[in-house]
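Here you go, one structure.
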């Protein structure tokens, strides 16, 4: 039998398979190297990078919730310059695409980070995280309003020539105007969802369980919400959509392909089962073979509506 | 020792304890009668009532998800007139407050339902569900925008004199303007959250698992999100806030009180453990005694911020 | 209806993926009627979250038997139950079967795990009552649980009894016993129940079906488990799970 | 580091709420260093979701021992493990203890379940090494697991050994053995570790602490488990779990 074709395209980017690992859950790409070759992945999205190194939020930064977890890492990272100097050379050795997730406190900061990365060999695309609070607008999310979403993406677009992915937040009333805004701003693809706002309280100390009070919810708990957003997104844009949220196994991933995702990202599942992304690739292959599809493109967006 | 005071006030309504059962998860109030006396509850919120009986959505209407469930009941109900004739007389026998949850396809319909119920003895308050799609505005939620939220609540307020609770959706970018709108519209209290939009797909049939395609997510999975919304709501209004979402035990309920909820509703947990509301009442009592609080008011909003 | 804690007395495989779970319960469940079910919950984890419906297969005083097939999350957890473990069960629930009429001969029709829903009824069968039980293959048939007398077994691959479906079994029975006024009681997959319904209609035979559906509450509170009938949507848990076959819209 | 499936050989209570879990693993873990840990997952349910960190208490060839205290969801599930059950464990992880210096006498200090983190180190103790183990009450002490020689046991209520905390135990030891240059290795609650740190500072003694924190990944990928040190936030899982006591900001 002919080998199943798992390649998929995200804007100008051609992935050998549609399974990526999500930003913030895979460090700078090498933490799981002992368990399998990260080069087997469709792509690696590294931890969100900012212009300057960030210490991040006070601990505790994670708390488990039913079938999910809240995190308030606060985008702790080594900064883009250190990343380029120390980590990127190691990542270039891997036989897969490295995608940098970036964020800034202002659109100028986003632009500067993008500029630095644009000059680097070994970075195939940027994923712009506009799902984090911004300082200028009083802590609101850039990605929560079309205007600010457009502002960030277009300022990055001006300086960055390769594939540009806008990562969107589910904490909005309606995702379509946001998608329209980033599309007009020059995004070639969108990825969603980032985490949902959440909190947990310790009834013994009577304090929030997270050091910073609130956090972002991820994991299997949010999968139905993520799937809905991806379904909506696919139907409101022609841009390729990357599905994220609560994916732990091949069945989950296939649900996202059915509603139209061109690729998926595995996040929290890496913590539970580090080999999940590899098992998902194998599971997708097996599903396609079983259903006699030679190409994942036959699966993508093949949902039968009711 | 003096008995702990569990009474709480929601607008003009005085509840003997702060544990209610959520609309749609407790039928018309009598389905769990074999297991305990529903009169022990702080209050019963009956299934959402509309002007005319509703058949509801095609099955399947429920599907389990990780630590949660999606439902697409479609507000199937017997209609307000049948309710008043057949169910209400039975409910009057119970030693607790009966709160009617209502909805309509237009604000006029809401008003008519409210009018009918306003004349009835035995209904202590209305909970107005503005978290369901409306026909006029192309299937958007009344509760998703301040203007439409205000419209519905004020039209109900015009004809209904007793306690009016606005039930809000979490599917919004920012809850504060919605709260402001319903407050100006005449709501005396708010309850939140209703379910989050979600979907699930059967990878074998390649169809949505729910007959109507989408549904609302409830259960423990959504608790961190619900708690966050209640926290936000309490800090953006002086209206009493009723907390809903994923509460299964006393610890969960206490988290909601700590962030400022004056009462809570137990929904999906009724399906898993029908005696949950009673166990929660007992658990709250035990917690207060252990911490030597004589009154639940000492607990409410006593979170120590970081 | 009660919500009680059952203690596992035994839990053993009776045919491929089919298990018989025996529970000791604090309150007797003698009032249970054939066709009724319980909502069962294993463990305290919220995943899986909801209780699952299971027919009462056998009930004696403070002992309950459930015959179940391992198909997913909850039933896999049930398979791992060991003696002394506890489960929570709420019931009996639902309306159960109506007795057969004067002059009618009861004929139970079980498709695979459908046997589980007919256990209590089978115990009440008179001498002249019949059972037709159909399986896909021999290894799916829990032979020890099938009455010895007046039973016809079918298998789709012919590895056991008559080769064919339960309909083939029923037709053979009709040929054998000749002119008898039967009353049908069927439980099994949706496809099998539809076939039995069509058969019943064409033979003008009374026919009751035990239907399945996804359930959340099991007591009629959530409107989640409805199926379409000629008088609109009906709740399987409260208005059923037993329906007269001519009510169902297929 | 490997991710492997461990088969339960035994799982028994050694003192109140404290259990000793023995596992057979496919790959040997000889390379494990004292102070290292594994991320453990019981069952396939997503509730609880995350793996939990546990110190390697004992390791011999293809056998691993974990000493754990039942405190919540995951550890309650661990208590229910029976022989033949399987768990998933990833490790060894973390940096482990540095050996004591030339001319130093190792002194292990365990507060309650803190004993679990010192198991591998204890096996390497020379004749003249010491252990001070503190408990709240007698029934919390797993006496069978505590070395017979050169051990001092304290209990807060005086029901066992010296009445007091581990600090009282250390002070008594100092009085007894006189002028010795100790190197401290401590594991226990945050409060106890802080007290040991202060003691070490005031006595200019080297002191290494095995710290705890909530973890998600356990391998350094998520930045979730940080604690504050004098050189900023450090990941307990990757930069620790062992830290020199003078690094920690209390």
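Should a chain be cited, it is by its letter among A, B, C and D, assigned in written order, with residues numbered from 1 in that chain.
To be clear about the criterion, contacts are C-beta pairs under 8 Å (C-beta built on N, C-alpha and C of every residue); 3 or more make two chains touch, one makes a residue touch a chain.
Because the structure is predicted, anything quoted here is derived from the model rather than measured.
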Result of counting contacting C-beta pairs for A-D and B-D, higher pair: A-D
Mean-CA-position distance for chain B and chain A (Å): 34
Distance from the mean Cα position of chain C to that of chain A, given in whole angstrom: 47
Centroid spacing, where centroids are CA-atom means, of chain A and chain D in whole angstrom: 36
For chain C, residues contacting two or more additional chains: 46-48
Residues of chain A engaged with two or more neighbouring chains: 58, 66-68, 219-220
Chain contact topology (line, ring, star, complete or other): complete
Residues of chain C touching chain A in the complex: 46-47
Contacting residues of chain D [partner chain C, same complex]: 45-48, 82
Contacting residues of chain B [partner chain C, same complex]: 24-27, 31-32, 34-35, 47, 55-56, 58-64, 66-69, 71, 73, 76, 219-220, 248, 268, 270-275
Complex contact set, residues of chain A against chain C: 66-67, 220
Complex interface listing, chain C residues touching chain B: 1-3, 41, 46-51, 88, 90, 213-228, 232-233
